[in-house]
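Heads up, there are several structures right after this.
In what comes next, chain A is part of two complexes: it sits with chain B in the first one and with chain C in the second one.
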Partner chain A sequence: MFGSDLLQVVLSGIALGGTYTLLALGMFVTYAASRAMNFGQGDFLAVAAFLGMAAMTIGISGAVAFVGVCAAVAALAMAVERIAIRPLERRGDGESLNVGWILTTLGFGLMLQNVITIVWGKSRYYSPPLFTSKNLAPLHVFGAALQVDELIVAAVSLAAVAGFYFALNRTNWGRNLAAVSFDPATASLLGIDVRRTITIAYAIMGAATAAGGVLVGPLGTVQSHMGPLFLVKSFSVVAVGGLVNPLGVLIAGFGFGVVEALSNFFDSTFGDLYPFLIVFGCLIVWPTGLFKKRLSDVR
Partner chain B sequence: MRKILGLAAGLIIGVISGAHAETVKIGIVEALSGPPVIVDFGESYLQGIQLAFKEYKASNPKRDIEIVVYNDEANPQRSVSLVQRLIASDQVSAIVGTVNAGSVVAFAPLAQQAGVPLMIGPATATDITTKFIDQKPSYIFRCSMVERFMTDAVLDWAVKHYKSIGMIHTTSGYGMFALNEVQSGMAARGRTLAAVEAAAPTVSDMTPQALKMKDAGVDLVLIYHDSPELIFRAFQKLDYKPATAAGWGLSSQMAVNVIGKEAIEGGVMAQAFDIEDPKAREFDAKMRAEFGDKYRWPVVAALGYDAMRLVLQAVDRAGGEPAKVRDALEETDNFRAVTDTPSHPFSAHNHECLEPSAVFLGVWRGGEVVRLAN
Partner chain C sequence: MSANFAAPWIRYVIFALVVAVFPTLAPNAYVINLGQEVAILAIGAAGLNLLLGLSGQISLGQVGFFALAAYCTAILSARLSWPLWLTFPAALVVAGLAGLVMGLVALRARTHFLAMATLAFGLIAAILAQRWISLTGGSMGIAGVPLLNWGQFRAGPTNFFWTIGAALILTQIVSDFTIESRSGRILRSIKESESFAATVGVNAPLWRVGVFVLSAVLAGLSGAFFPHQSGFVSSDAFTLDRSLSLLIVVIVGGLGSRYGHLIGAVFVVLLGEAIAGLYEYANFIFGGLLLAVMLFLPRGIASLTTIVRRRGEGSAEGRLESRSRGRLPSTLAPIADWEPGEPILLLDGVTKRYAGVTAVNDVSMVVKSGTVHALIGPNGAGKSSLINVIAGLTYADRGSIIFAERDVTRASAYRRARLGIARTFQNLQLIGGLSVLENVMLGLPRRDKAVAYFLRWLGGRSFEAEQRNQAFALLEFFGIGRYAALSPDELPYGHRKLVELARALAQQPRLILLDEPVAGLNEEEAVEIVQAVRSLRALGVTAVLVEHDMGFVMSLSDRITVLDYGRKIADGSPEEIRRDQSVINAYLGVPAS
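Up next is the complex of A and B:
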């Protein structure tokens, strides 16, 4: 009984952890490319969840909706880079800290939140199941029940990290990203199209976030204010995983989801507290994240 | 020429100030943005207020009366400054609002001190009006559900029909308050909760909490959480089918939208608005005609409607003087409510429009909340 309970809780945690991983992956890639992040990323997730829900409600299949929303949010992410980050990027004197993008991306996110409220109102919504015809038929694994959609979130986040690892190490864009991350000016002198590399990084961030949003919609409840909490948790994930290694992001993402589920199981009154306590503990012991030292290179 | 202009200006100012003196303002503070579950309360209560005001204006076209509506964004600090503004700047004769008990607790002393009657709604915390009732006179009234009344109605039924009762509550102030009420209510009935689980208001998955209920063999789960859909979803996943009961929050159409019509079927909650009553049916039809799909929550809208009618009738009898409006409210008699508010709801010792006996249990049957047969 206890064993199957634990498995149940861990599986549920892995599904949610998959969403955090996808968002954290977006933070990782944008930070590597531009030393900036999209603080409105949580609201991108909300937009994707709403778009996915709207597409499926009008009868578009789950797979088509998934691809379409990822493409749309990737375009939106490229726009945010162009409008809210690029004009501020490295425009300072080279010495003082340039953090204007925090405000502009946060502002962009708040605008998105308001657009959602205008279009869909302030109500909560139930998003139809993505790939299953009925949400009531869970799979059974050693006595634990798992919804197909939960399994898909975990699978997609694993695939995203694997694909990303491949792109970083085996493609020209990955090599360019390493150079841009090291020093954009030098990369530019070497003939690398810095602008294009950064734009692609933001598109990847948008697509990964959208994947998380479309997938998490049917698992929970879709509402205009859902973004910031995911942002905070994913930021914790990227801080613990280290900003230099997608594998660290994967481990920290799944780990955060599992710890969150376990703490809700063992002491639900403080269910939200323990994951953050562990994050603090990790950051005290490894201030730069779990994998920073091992791989000081962007890859 | 200058004299003529001066005379004209004097006349205009005189007319404006004369008109101003006769205009009676009623201030409304509700949470119209913020967390969706709070907004659902605020918007629904306001819809009832708006219908009552529209009907009043239609039947009293010459009465110069205005409503001033402010959105407190479910923020106690903001609600306090809005109430200050209503009292000092707008000079309202009465105030109606709001959703958050924390906000009401913060601004009710201001209304009491300023001598402006406050009609609380739809906040439910038990002792809001009783805190002021010994101050003679108390300016604090309420036309809403009362948490204790709801808990008593649910627990009386629960202990009679179920052997093992569990509770899932939110960790917000409301949830912790509800936990105390339920635990003391169970103790008073000689029972204890078989399992108690909590979840933050922002939780994304409640599988662990549902699992604990299932493991404890709970056959009735009391739900005091803002996201009941996550609990129902976890029950489905675990193939666990306990009976469910909750406060009146479960009766909103929004709850059906997010939980699903099949899953919510049989869900029990406290009510004070019997849709099978002809006058309730009539009100329901008027609300549907007025607000269409935006009308989601009959019991909350009906209490807003009754609250505003109580205030308007008091203003009608007493004029714009706040102290007289208060007296008129307390003296209200022969009131025909659409909710179970009695015809003479208030007295010097009671400023709640609902009595404990007015609260009954409703149940979801075929997409509608109907009275639960005992």
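Up next is the complex of A and C:
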């Protein structure tokens, strides 16, 4: 393996890892807000990838498509919270399952997946490149041929992640989220609109997932059943990074993408499965993830 | 429930008759095939029902066990020409081993993390089936798998149905026994409160892994039949949808109920046939079904057919004579094998730290047999921490704990419970999904041999009658026999405390740890508890109690240990403690000089 190949592989790993990070941050934020997540999130990504493809195919510019799809999927995410998660919270009897939301969001995802197959079928599609109107000549850096689109995807996902951290640490909503995550009852006594905080968290999850979907679509193929694999990979990221530490999610997300790109490079048949082995290994040694919550839980 | 009118074995005779005549009543091969589909689905779903419905562990990866077993028997029989009576056990062993691994994962990963891990397992299994072409044939599959038809081609579908029908009956027996026997109570208690389970001597991790293995074996059993139905198996059969369809079956049928997986399987297969023309919308319909049932009918179809009545209870309690405040039968007397006045519990230099806080600091104390020993101290003194360290819910960082001449410092909570340490909790730990009587029955020690127990269950009638009577006698001892059939959640707070005491006494303890037994009770209820504790002492039980109510402590205790900021500051009789200056300072503060 030459140094130039390595650079190429690492770049596509970062581009992929950006998607995982975006999904994982969506999981982080919804879990913090509602102690639940969207198990149909992978299908949200698939919907976004198809919508992005459709928009660009009819000639809408990449940037407009990106924003539009993010907004649409954010609305969808608010709907999933309202329909599939919120109604279960009120049911407080001891018999009810604490995993009900897993099943309802899975059901929602299954329905979305079906909507995709009704419109587009089960075939694989190649999405047009997002930002470069024609296939630009690859950029040559240190002898490596870097795809401009991959560069842009990596950059945009980094920017989205930066925006996410800004929202988390520098906005009122971010502070409210920290309070709601610690204890919703206390948060509401402090005058925080808990419902609103949760709704915004789901909207952000939807937008982040959509960003991942629109960005990753043109890098590979787009297919109706692509969701679950992305979901599981992002779960792995969350499991290693810890569901309580956004910085850990960032490191694990890009790390997972790079490791996957490398192992794909060496073994094209099973390459994308090796990172799972590494994740399982990590979890056996550090079951709560590599990155701890900053506050220790005293109870 | 109709099942209560008949002994279990009668149910299975009827079940067997239905399976036997179904092929002759079926108008054509197509209907027989539907019966086969129902059986394949129901066997796999039965395992998931026990896993999710009883123990509360979720699995989105049942397709993995299904696929492992299917490929195992297909490859061994088609490529290596093994006979089916060898390939089936091999397939079950493989599925069971995979279940063991996932069960161990489940000990560390709970709820959504477990959902993630099992989802990953199922997905990876599906991907391997697709891509490991040299082994599985990928989507081209393995052809020429021997049919399970007992050598008769024309009667093949009927023979296959009878075979899988027999497997379904066996599955139903295993499932019913698990739900209706002591194991069902144990799994339900683990689902709601593992500390409760440990307190009554249940090795919760073992049970959690065990039920995972069982569910994997049942998923594997259903998968093992699969390739022998058509003689062909390909990776197309092993997608995530199969995991989801099992989930839909158990949710729609009714989670944790005895026939939920059967009802669900029939429903899902028939619905699948009814919407065959809408094939393109199948996932939409099934996804919507999952969502709708979880939202509007969380206990599934089974809850519609059941007249509202407590699970499998009711009739038995009715027959028990109700006396108010009974005597304790001698068979239930606690083990009083320790010479009164001899030390039974010795703590030496016990220290417990939580994230920078030293909750218990170098505490040594001696508890003498047959006494009521109180632990008091201001809020945050470390009393509850010390109780938890003695019970084994957390371990001491330093020091040693000797109970009945055994070093139990490192022993887990369930082992200490089996050695004779029972406890009650400050925030009550009772299992809402079980009746009061069943909660107490969980405390009773197991006396039967497994086979005899199983046969008695199969025979019905007097099954567990003795245990029921004993548990009822214990409730009567505390004067709450009339609540036997209710859920603990329906009881007033004070009576729930008494249920906890009855459950603890059922364990025939040598030592009972009482964590704030009268906190939150009114005068009248507190008096009942005082009487209860006195009668425990009269029975020879040693008690260690934590309490804030000084009147209660002073009137009841033989000896008092006072903690402050995790340290022992005094130890003596109630009179000595009342006069002790350091105790007075701890409670009232030191006057500024």
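We adopt the following convention: the second predicted complex is superposed on the first by the 278 of 299 C-alpha atoms of A that agree within 3 Å, B and C clash if a C-alpha of one lies under 4 Å from a C-alpha of the other, contacts with A are read in each partner's own complex, and residues count from 1 in each chain.
Here is the rule we use: contacts are C-beta pairs under 8 Å (C-beta built on N, C-alpha and C of every residue); 3 or more make two chains touch, one makes a residue touch a chain.
Everything numeric here is computed off the predicted structure, so don't read it as measured data.
Annotation for chain A, partner touching more residues between chain B and chain C: C. Once the two complexes are overlaid on the shared chain, A:219 sits against chain B while remaining clear of chain C. Contacts of A:231 after superposition: chain C is touched, whereas chain B is not reached.
In the overlay built on the shared chain, the residue A:9 is in contact with chain B alone; chain C does not reach it.
Applying the stated contact rule after C-alpha superposition, one finds that A:75 touches neither chain B nor chain C.
Contacts of A:103 after superposition on the shared chain: chain C is touched, whereas chain B is not. By the touch criterion stated above, A:125 is placed in contact with chain B alone, chain C being left untouched. With both structures placed on the common chain, the touch criterion links A:269 to chain B and to chain C. When the two complexes are superposed on chain A, the residues of chain A that touch both chain B and chain C are 117, 225, 229, 269.
Residues of chain C that touch chain A in their complex: 52, 56, 58, 60, 108-109, 111-113, 115-117, 119-120, 123-124, 127-128, 131-132, 192, 239-240, 244, 247, 251, 255, 280-284, 286-291, 294-295, 298-299, 354-357, 432-433, 489. For chain A in complex with chain C, the residues that touch the partner chain are 31, 36-37, 39, 83-84, 87-88, 91, 93-100, 102-104, 106-111, 113-115, 117-118, 225, 228-229, 231-232, 235-236, 238-239, 269-270, 273, 276, 283, 287, 296-298. The part of chain B that touches chain A in the complex is made up of residues 33-37, 39-40, 43, 171, 197-200, 202-209, 211-212, 215, 227, 229-230, 233, 236-239, 254, 257-260.
Within the complex, the chain A residues that touch chain B are 1, 5, 8-9, 12, 15-16, 117, 122-126, 135-136, 138, 145-147, 216, 219-221, 223-225, 229, 261-262, 264-265, 268-269, 271-272.
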